[in-house]
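Chain lettering (A, B and C) follows the sequence in which the chains are written, and residue indices restart at 1 in each chain.
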Amino acid sequence: MANIISDETIEYVGILAKLELSQEEKEQAKKDMGSMLDYIDKLNELDTEGVEPMSHVFPVHNVFREDIVKNGDDRENILKNAPEEKKGAFMVPKTFD
Amino acid sequence: MSLTAVELGKKIKAGEISVKEAAKAALDSISKAEQDNNCYVTVVEEAAIMQRAEQVQKQIDDGILTGPLAGVPVAIKDNMCTEGLLTTCSSKILENFVPTYTAEAVVKLEKAGAVVIGKTNMDEFAMGSTTETSAYGETKNPWNTAHVPGGSSGGSCAAVAAEECHYALGSDTGGSIRQPSSFCGVVGIKPTYGTVSRYGLIAYGSSLDQIGPVAKDVTDCATILETISGFDEKDSTSVKREEYDFTSALVDEVKGMKIGIPKSYFGEGLDSEVKSAVLAAAKALEEKGAIVEEFELNLVDYAIPAYYVIASAEASSNLARFDGVKYGYRTNSQVGLHEMYKRTRSEGFGPEVKRRIMLGSFVLSSGYYDAYYLKALRTKALIKKEFDKAFENYDVILSPAAPTTAPKLGESLSDPLKMYLGDIYTISVNLAGLPGMTLPWGKDSNGLPIGVQLISNCFEEKKMIRTGFALEQTREYERCPQAAARD
Amino acid sequence: MKQYETVIGLEVHVELATKTKIFCACSTAFGGEVNTHTCPVCTGMPGSLPVLNKQVVEYAMAVGLATNCKITQNCRFDRKNYFYPDNPQNYQISQLYLPICRDGKVEIETESGKKYVRIHEIHMEEDAGKLIHDDWDDCSLVDYNRSGVPLIEIVSEPDMRSADEVIAYLEKLRTTIQYLGASDCKLNEGSMRADVNLSVREVGAEEFGTRTEMKNLNSFKAIARAIENERERQIDLIESGESVVQETRRWDDTKEYSYAMRSKEDAQDYRYFPEPDLVPVIISDEWLQEVKERQPEFKEEKKARYISELGIPEYDANIITGSKRLADLFEATTKLCNQPKKVSNWLMVENMRLLKENEMEPEDITFSPANLAKLIELVEGGTINSSVAKDVFEQIFKEDIDPEKYVEEKGLKMDNDEEGLRVTIEGIVAANTQSVEDYKNGKQKAIGFLVGQTMRATQGKANPGIINKILKEILDK
């Protein structure tokens, strides 16, 4: 395998992705990601010099909305699926910052 | 239940079958077949279905509903939001999510008088090619329940094949309608990107996702597509097309049409029986006067790696919202915020989803974005160019839908990379935003359906539909034996 | 001790004055009940999709043009990925790669003279929701009313060297944006927020020092204090041989110190990528021209016009044009009564006094130009005298009363009845022989006391001109 994924990388990606993997899952993830990246490295065979990255396939642009209020109070619906709520708000473990 | 959607719609309109009878028949079929197939995550309660059926019946009787799909029962893939009806994406993380609004495509069906009977099983968040990554058990291929139905729209395709509904909606990000349609011996269309609104479709790879129809024949698919397509101001990537008429392409006439067969699709890894089937389909078209040629389609091998970078990257971001704060599953452990995020997501997502989120987060992370993500977007541009070139010469591309017929249950997940390679013929269509469809073309020696794929240029679904319709006229629709046995 | 120079760059977030949010049709109104201005889009419901508010683009363009930026005619949105509960999708739609405006500059003036502050870029993005800490349940509560409110972020180059320059720059941005009507720019309500990037270096050094980013600055005073404090903190670190850590700090203005924000779970790796749910914004030359033509008269031009065409003193013109609200009020009132100097006087004297007394900003003014114009006409037409007018103005300022009705109802019209006044004044003269004596002995001032007594006797309504005339007649007899 050309791409060796280190423990640190898996740890770091876990922080980014907010996933907590067991030791076993980490080992598997290292292996899977390594082999996927090896496969993805195939793209390096392609000369893409000067090619504009294409994020949208069609040249559609300027899709706008006029600045008109159309939504009313929909709080009841918005909170319907909340795991925990209080006083009309979503409740989460205490957090600072 | 063996009727196509359009046939049933006609009988309902003629008063030969009531909407309630049609719905009841679908429910009966589900109650008999579900234990074998597990096509559905949720079946709507009978009382609610009957109430809806009555409402639709009245609107038909009053002449308000006159369309071809009025009163016909439909199944919806479980990644489309349905108001008041559990929508799980076949994931534990949405085990209790009841949307408060309905996806635009489903709204359009309902306006046309569709009766939604249930939500179909899928690979978790549409990530997979077998419907085995569902948190609610795998769906089985009704042709042979030891085999997978394909994926990710495996529940929709199996439900149509098993006659547990008359038609269904699926979604296709890298082949998720076309591949399971081919494995289940039904017809499926992935429209041009932007043709069907994605509003209410729970995103996997936003730049690739499209909703499309799954049904027994091309006529049904064209009719359904005509109903669900249209510009939607709620979806900024929705395209204002000049026309949304697809059924006028249902003509048995391909004389002079130029059909291209990409040589590179017939290399290593293609099952010989599948290959023969595609060549037989080519022959059938030739006999009807089409001009069939082989041609070089380059860059085929680069589509899968580019796809996995783009789709995983988008997925890693799209799935960030599942965090236990606003909806869905939340861990039971009493922990701080960031620990709550981690546990919720680690407990809520299955292994394949985690794998793609990890990969997607990595390719976007600092220092890798250019090498992976931008490289993949550049590759996508080149692939699109290749297809542009091909469509200068051909009206339609004919190809296999998948390298093999449906594999056995449990064979695929152990080697993800191998599973990904199974999408080789379908994936580039999504990258280039093209429309593609598959339709059944015989069976292999194990009695499993083989599908062929037709691809046309962007916004030229009609050419593909016409070709598919002509091909379909040369053979009888083959019912799945399991369904036939229930008659 | 070594001499240090402070190097400051600002990231200024401005909430735009659109009626709806940037990507959905929810109201942006301030102060609604928790989560009542929300929908599937701004709460990150699965399957929801953003649709861009055109007004946001126009406001951003207008601010860019007013700050001499180049407008990016093919601009796009990107996703900034990070987990936090105020951010419902766990990504923020923003602009990294192709922001709408780049390479601008604004001129500022401080005691040390005029200079330019360069603007690196202006980009559009969505605001986050609000976290409310609940001690009772030891949890935090999330309100998404602000989630999706449109923001522009104006990023300056590190061109400022003192708190004075920072405040001059912010004031300049504020008046410019207020003139455009693009935002009310209230620091205390958070519709304008400035993050201060600050580093120090020895005077004469070429290289920049390590910078910190200071957040939570809610007033100009807080900004000035935080700058001074952070400068001292960094110099102390350097002097004691330690080094400045690049970090984000939070200013606590009541305790007047800052602390580093925790970042253990924050990798600061935002994984930006082009937003696939939104299409590019292409700004044609025609569109750009349209927006250009709609640009209003800004402060400097207005001020010059007030001085040369309306004869307003420079000092007054500067203050009135310093606030869009005042300038609008000035112009609207002048249009009604055609007495620019009088309008200016009312705004500069009584209005300013009341603003100060009530700790209000010009933006908080609620009275209408019509009522001020009427008041001026009442005074000029001799219907009320100036001391009554001040009282009436106070009522206008407080409750926007109609001065004509008010004067009528309260019977405040000027008393011009010469015969009646003569009787009153004769009585006052007879009762104040000492003052009369003083006056006759050359104390001109004594007459003022007698005028005051007359005013009191007439509840302030007497015509002061007539009082003076009669008094003189009696005293000089």
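In this text, a residue touches a chain if its C-beta (ideal position, glycine included) is under 8 Å from a C-beta of that chain, and two chains touch if they have at least 3 such contacts.
In this text, all values refer to a predicted model and were calculated from it rather than measured experimentally.
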item	value
From chain A, the most remote chain by mean C-alpha position	C
Between the pairs A-B and B-C, the one where more C-beta pairs touch	A-B
Intercentroid distance (Cα basis), chain C paired with chain A, Å	39
Geometric centre distance via CA averages, chain B-chain A, whole Å	23
Whole-Å gap separating chain B and chain C, where each centre is the average of the chain's CA atoms	55
Of all residues in chain A, the ones touching two or more other chains	12, 16, 18, 55-56, 60, 63, 65, 74, 78, 84, 90, 92-95
Sequence positions of chain B contacting 2 or more other chains	97, 100, 207, 233, 236-237, 316, 320, 323, 325-327, 337-338, 341, 361, 365
Shared-contact residues (touching 2 or more other chains) in chain C	40, 43, 45, 51-52, 81, 83, 85, 140, 142, 265, 269, 271, 276, 278-279
Chain C residues within the chain B interface of the complex	40, 43-52, 79, 81, 83, 85, 88-91, 140, 142, 265, 269, 271-273, 276-279
Residues of chain A that touch chain C when the two form their complex	12, 15-16, 18, 55-56, 60-71, 73-75, 78-79, 84, 86-97
Residues of chain A touching chain B in the complex	9-10, 12-14, 16-21, 25, 28-29, 32-33, 35-37, 39-46, 48, 51-58, 60, 63, 65, 74, 77-78, 80-84, 90, 92-95
Residue ranges of chain C touching chain A (in the complex, touch as defined)	18-20, 24-27, 33-40, 43, 45, 51-55, 57, 76, 81, 83-85, 131-134, 137-144, 261-262, 265, 267, 269, 271, 274, 276, 278-282
Complex interface listing, chain B residues touching chain C	80-81, 87, 89, 94, 97, 99-101, 103, 198-203, 205-207, 233-237, 313-314, 316-317, 320-323, 325-327, 337-338, 341, 361, 364-366, 369, 373
